[in-house]
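As written, the chains take the letters A, B, C, D and E, and residue 1 is the first residue of each chain.
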Amino acid sequence: MLSVDQLVVNYGVINAVKGVSFDINEGEIVSLIGANGAGKTTILKTVSGLLRPASGTVTYEGHEIQREKAPKIVAQGISQVPEGRHIFAGLTVKENLQMGAFLQSDRANIATTFQTVYDRFPVLKERQNQDAATLSGGEQQMLAMGRALMSRPKLLLLDEPSMGLAPIFINEIFDIITAIKEQGTTVLLIEQNAKKALSISDRGYVLASGEVKMSGTGSELLANADVQKAYLGG
Amino acid sequence: MPDTKGGQFVRQANYRKWDGIMMKKSMMKKLTGFATIAATAMIFAGCSTASTTGSGNKQTGNTIKIGVNMELSGAAGGYGNQQKQGIQMAVDEINDAGGINVNGKKKKIDLIIKDNKTATSTSASVAAQLANNDKVSAIIGPATTNAGTAQTPNITKAAVPALSPSATDPDYTLQKNGKVQPYVFRACYQNNFQGGTAAKFTYNNLKARRVAILGDNSTDYGTGLAKAFKNQFKGKIVANQTFAAGDKDFNAVLTSFKSKKADAIFVPGYYSEVGLIINQARQAGINVPIVGTDGMADPQLVKIAGAKNATNVYYTTPFSTMASKKNPTAAKFMKAYQAKYHQVAPTFSALAYDSVNMVKQAIENEKSADSKKVAAGLAKIKNFDGVTGTITIDKDHNAQKPIAIETLKNGKVVNSVSIK
Amino acid sequence: MTILKANFKYNVSWLIIMVAGFYLMNTLMLMGIIDSFIENMLVVIGINIILATGLNLVIGFAGQFSLGHAGFMAIGAYATAIITTNSATAGGFYTSIVVGVIIAIIAAIIVGVPTLRLRGDYLAIATMGAAEIIRIIINNLQITNGPSGMFNIPQFATWPVVYIMVCVTTILIANFVRSRAGRAIKSVREDEIAAESAGINTTNWKLAAFVFGAATAAIAGSLDASYLQTIAPTNFGIMESISILIIVVLGGVGSLTGSVVAAVVLGILDTALQNFGTLRMVIYAAALILIMIFKPTGLLGSHELSFKHLFSGTKRKGRVRS
Amino acid sequence: MEASTLQTFFQQLINGLSLGSIYALLALGYTMVYGIIKLINFAHGDIYMLGAFWGYYVINFWHFNFLFALLSAMLVGAVAGVIIEYFAYRPLRHAPRITALITAIGVSFLLENGMSYLYGSTPRDFPQIIEPVNYHVFGVLISNIQILILVTACLLMVILQVIIKKTKMGKAMRAVSVDPDAAELVGINLNRTISFTFALGSSMAGAAGVLIGLYYNSIDPLMGMTPGIKAFVAAVVGGIGSVPGASIGGFLIGLLETLVQSVGLSAYKDAAVYFVLIVILLVLPAGIFGKNIKEKV
Amino acid sequence: MSTILKVDDLVKNFGGLTAVSDVSMTLNDDELVALIGPNGAGKTTLFNLLTGVITPSSGAISFRGPKGTVTLNGKKAYQIANLGLARTFQNIRLFKDLTVLDNVLVAMTSQYKEGLLSTLFRLPSYYKKEAKIAKEATELLAIFDLQESVDVLAKNLPYGIQRRLEIVRALAMKPQILFLDEPAAGMNPEETADLTRLIKKVQREFHITVVLIEHDMSLVMNLAERIYVLDHGAMLAQGTPTEIKQNPAVIKAYLGEEVS
């Protein structure tokens, strides 16, 4: 579905991603794990069109998208939940979700999607007329995910969905991610909580200093001694 | 916790002796050097800087160079451009007639126009360039007192006369000790004269006893006239308020005048704002006489005020459509101006037009276009037949000319009285 | 040891340049190559250098966006105008500079203490307002002769005086910027929270830079009044503050050399445009837009001309070496 | 020429509201542009001048009626705003903000002096397309034009508020102003949204130009300078980025100026405005309706 | 070992949200303490409170400084810093456009004075002081292998080195307590190991109290003598690494399962 080949991205003078390749098949959850500064977020931003790579390709459903801008990529069915949630403060919960469907024009469709999102996150329905900034951290994360789902993505990019969340929410978020996958949306997941991430992933890639160090199925990586030592608090 | 612990890493920070000595040595050298420089600089500041008190600009060529230092952009750009039109027209007329007669030889005017953007420093620079580089015989301008006083040192140094069509501050032509500035002249009234005339007229002719003043507080023109009016008005000043150039809303002040029971309003300022004041006063139902000065003597005034509102309005002026009927020079000017620029001539253009012709007169009288001679000639101008009246330059380089007060009714000048 | 020797070398180099500049100008003047017109231009450029370097200290080094520089300039100008009109001696003139600086410092403290808490554009508009209040007060006072301004001010600020003042203020500002104080204000610019946590009293250092900038602006005002011999409140409005800001940004925010270069470039451009009449400001505006679009960080960015680097041949903005 | 204190009070209130509605109209454009790209659009006051000149020409030469003049001036303002954004501000979107500010000042100079060069800087009388009529209400005078301005200003503010709160584009504008990156991620085209914001804000200025031309009957190329700065002050006082804030700020400044003048301190009316600005910023650093955003450590 | 910092019932409310509730803790001389807990548990907020970046809603902080015990309540961040509490930040906050040397010199600002006159006129005392302080700073940088980079702008340093420089900057303040906020964030295992050695070295050689927030359990368990666990703004547990590893509440809220 998506394949990233020899991707190189620079941030100013800093070479953040140094030739990373990976791919995602339809219906999978794929995790990129690694420490802060390993280049995970940079990769995600490049896939979603916020950053331009210095070289390398991003191929989505058969054509290269690395030169396209974010709105165009969203229109093709890739939706990102950014790190730190980035919800629109000052807009209500409902408006935030409406923004997620910005590129949809079919009202009936939007209404159904709303229903799906509200079913998935009942708390959002309860708070639909509240200013999004007043939500708690976990609720904001749900809103950010809900907003991304409003564009009916085929591929969902999740950047640190468990960051800053209470443990009880973390489990819930991972359950939701699994449920999203089961409904047919492919998921690319970036997590610091590597253990949790790998336990729900079909496959995973371990990144360090802008390079892929290891890859394998979720359970393989979980079982790997090096991974355990470095990332699983072994 | 002992204090020394944190500072362990600097333990070995002992300076070798010679380090310190070298440092002192170099510093001493440096300081000595600095002192030397300062001293030499001071010496030069004291004596040897070139001060070029010129003997004026000699004009030997076939043309006479006249400079224009004018507010073509910036806050006073509107007025400056009107003056430029008057200057241009005067020069064209003179050149079409063959030029200025200098001791039997006709010489054309070479007009050099420069913009001072209504800034004092630029005005000084422009004057220096005109006087020193372009070697002009005389400078026309600037329009405003501030820009004018800024050029005074430079033109005085170069001995080039400057004739301002519209700088009105009483002290404009004077040095600090009260003596006249040898190279500064003006073609307009000074504030005390005009303000006093307006005060007398308001008291004697309009019989007003309670006057409210609403003056332009962003120029010397407005405040100078307001002060003069206040000093010479025999009745009571019931309110004294101000506005700034560019203001558009006067309703608040006018409403406050209502309760003061004023029986006339004095509005020293330019037509752009005074037009609006008349408009808003009449809209607010204030129908008492409105008295002003030559800054509002402009055809645009009535347009801004609205013809209907421009009633019971009086202003002092050296020049007007009314006067032009009696004065052939003015009539000719009005006609030519209309033909050239397709508009009724404003006062500023007339004053600037006169300024050029006064310079011409001075050159012809002195039979020389040397700048010092032109200055002498300007000082001696007597009974010059100008568009703005018969002008005589007095000992303080002010233009003495009759003053008239015009009355507007429904936007038309209906009466013009001369005031002694 | 070598560092000290080198420092001496750099300092001497600068002094030689300053002295040489002085002698060069004086020679050209005696030869008549620099006439009063060019002298006028040079003096205006000199005054603008003082203003721009002072404002750059506040904006470029302390990172505080002040838009009220003209207000402090007005204070210096009026101090000189009032004092030298009453006491037309060189002593009176230098006293007036000191008095202007002191009043400007007091005014800067009064303005700065409350407003420097604000940030960015909010600070800019607050300082702009404060400067306008200063101007309006001057416009309505008796002693300042109201909107008519003051003229026939005795001229003590001849070009050598201005030249020396430019050198002195530039040296002082440069020394300030490259010292303990300079590092402190730059740390405030870079990151206020980190600076606080590094023990920097950010409030005081911001104020110090602001006050220093105001003091130099007052000096520039004194020179301006004394050289032009005429001043009016309209000279010190928002537009004057903006034109100083333009010099700073055009030269490069955080580059004193840039401020000097921009003052010279704009001074020459401005003088050259005198001949274009009404078109003058149109050309100026277009030039401004184009320069900013094609050189967004200003003519010199944040680079400085430095003998240290000329001599040693290394670039300050070195790449990663470790 | 006599009036009771109460009548004077209400008269001054009307005066203040009329003046305030003009500041408010201009402040709206400032607040929108600042809200979305954090740029003090110095040229905003000059777009208002362009609107006034457009009105002057179409009424005088093409004999437009008031409504058409107003609407076409809004269109002209919008187009001017979009063009300025495209050429002068867009190339600098990632440049230091102070650079963009200088460019904005440059654009302002260019418009003012360009218009002076082309049309002269003498004030012109605006065609009186609507005959002024005064109404006396309990001794308080109010003219039809004052009512028109107040009503138009309020109407435009309401329309603007509706656009921002209810329409898709309005929501996109708010989204971009909160978080441009996240806005792109939901598919919002940044450039188009910013252009639209400029168009909307500048059309307000265009409308203000015609209304003010009509009200004061005098226009000139430098007319945008002073009200431009005052309107920005109004926007800051109200809390920049907020539409109701801009309106409240505008009315507040208008009423304040009127108050200061009515007690005889006209020489200090601008000083009073700036003083209040500073005081408000010290008490409420983000203005009356502004949101104070704390830096995260 | 005596107490150097004592925190009593510290509370911080943001609007309606309680970020830190009733936290009490003590720090002793010369010890290495870790503060752990889930993201959003209030760890950084606690650091901010202790270093004066934000002011507490209630509670008391007292510090035994060189001049006796003082309360830190009501003191500004720079005053607290100058008393001897230095810190680093979660998101690196270097002075990016200053050189490495200048970054360190800024932190030494309050350790020496330069008279206005000697600054402005470069009197001999200026050069003397500058040379002395620069030497001191360079020596400190050399301890951390940064002597080669003194003239490099901070923003041009690699990520890991920036983290290191931030620690050096904090040490330049000659602190008695050093707060490190996620010093290993973004470092690879190798760099983390280096960092672990570095922190140990700092603590040992400078004899200061070090408090660190860290998620990397390998680092925490290797370094810390004591651990505080924060959850939902409240102190969940405290103890030695061994105790914490076995604490059921900690396992439930944070560690997830028993850490080896």
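Just so it is clear, a contact is a pair of C-beta atoms (placed from the backbone, for glycine too) under 8 Å apart; a residue touches a chain by one contact, two chains touch by 3 or more.
Molecules present, by chain and UniProt name: C, D = Branched-chain amino acid ABC transporter, permease protein; E = ABC transporter, ATP-binding protein.
Treat the numbers as computed from the prediction; the structure is a model and nothing was measured.
Participant: When all chain pairs are ranked by how many C-beta pairs they have in contact, which pair ranks first?
Facilitator: Result of the pairwise contact count: B-C comes out on top.
Participant: Sort the other chains by how far their Cα centres are from that of chain D and give me the top one.
Facilitator: Farthest by centroid: E.
Participant: By mean C-alpha coordinates, which chain is most distant from chain B?
Facilitator: Taking each chain's C-alpha mean as its centre, the farthest from chain B is A.
Participant: What is the distance in Å between the mean C-alpha positions of chain C and chain E?
Facilitator: The separation of the two C-alpha centroids amounts to 40 Å.
Participant: So how far apart, in whole Å, are chain A and chain C when each is placed at the average of its C-alpha atoms?
Facilitator: The separation of the two C-alpha centroids amounts to 51 Å.
Participant: Could you please state the distance in Å, as a whole number, between where the Cα atoms of chain B are centred and where those of chain C are centred?
Facilitator: Roughly 30 Å separates the two chain centres.
Participant: Find the geometric centre of each of chain C and chain D from their Cα atoms only, then give the gap between the two centres in Å, rounded to an integer.
Facilitator: A distance of 33 Å separates the two centres.
Participant: Could you tell me which residues belong to chain B and also touch two or more other chains?
Facilitator: 19, 23, 30, 73, 75, 77, 81, 217
Participant: Which residue numbers or ranges of chain D touch two or more of the other chains?
Facilitator: Within chain D, the residues that touch at least two other chains are 113, 116, 267, 270, 297.
Participant: Among all residues of chain A, which ones touch two or more of the remaining chains?
Facilitator: Residues 13.
Participant: Within the complex, which stretch of chain A touches chain D?
Facilitator: Touching chain D: residues 48-50, 69-71, 74-75, 79-80, 82, 86-91, 95, 98-100, 102-103, 147-148, 150-151 of chain A.
Participant: Which residues of chain D touch chain A once you look at their complex with the stated criterion?
Facilitator: 168, 171-172, 174-175, 178-179, 181-189, 291
Participant: Which residues, counting only chain C, touch chain E once they are in their complex?
Facilitator: 3-4, 7, 11, 172, 175-176, 179-181, 183-184, 186-187, 190-191, 193-202, 254, 302, 314, 316-322
Participant: Please name which positions on chain C make contact with chain B in the complex.
Facilitator: Per the stated touch rule, the residues are 1, 4-5, 7-8, 11-12, 15, 18-19, 22, 26, 29-30, 32, 35-37, 39-41, 44, 85, 139-140, 146-149, 151-152, 154-155, 158-161, 163-164, 224, 228-232, 234-235, 270-271, 273-278, 280-281.
Participant: Which positions of chain B touch chain C when the two form their complex?
Facilitator: 18-19, 22-23, 26, 29-30, 33-34, 37-38, 40-42, 44-45, 48-50, 52, 72-75, 77, 81, 113-122, 124-126, 128-129, 131-133, 145-146, 149-150, 152-154, 157-158, 169, 171, 174-176, 217-220, 222-224
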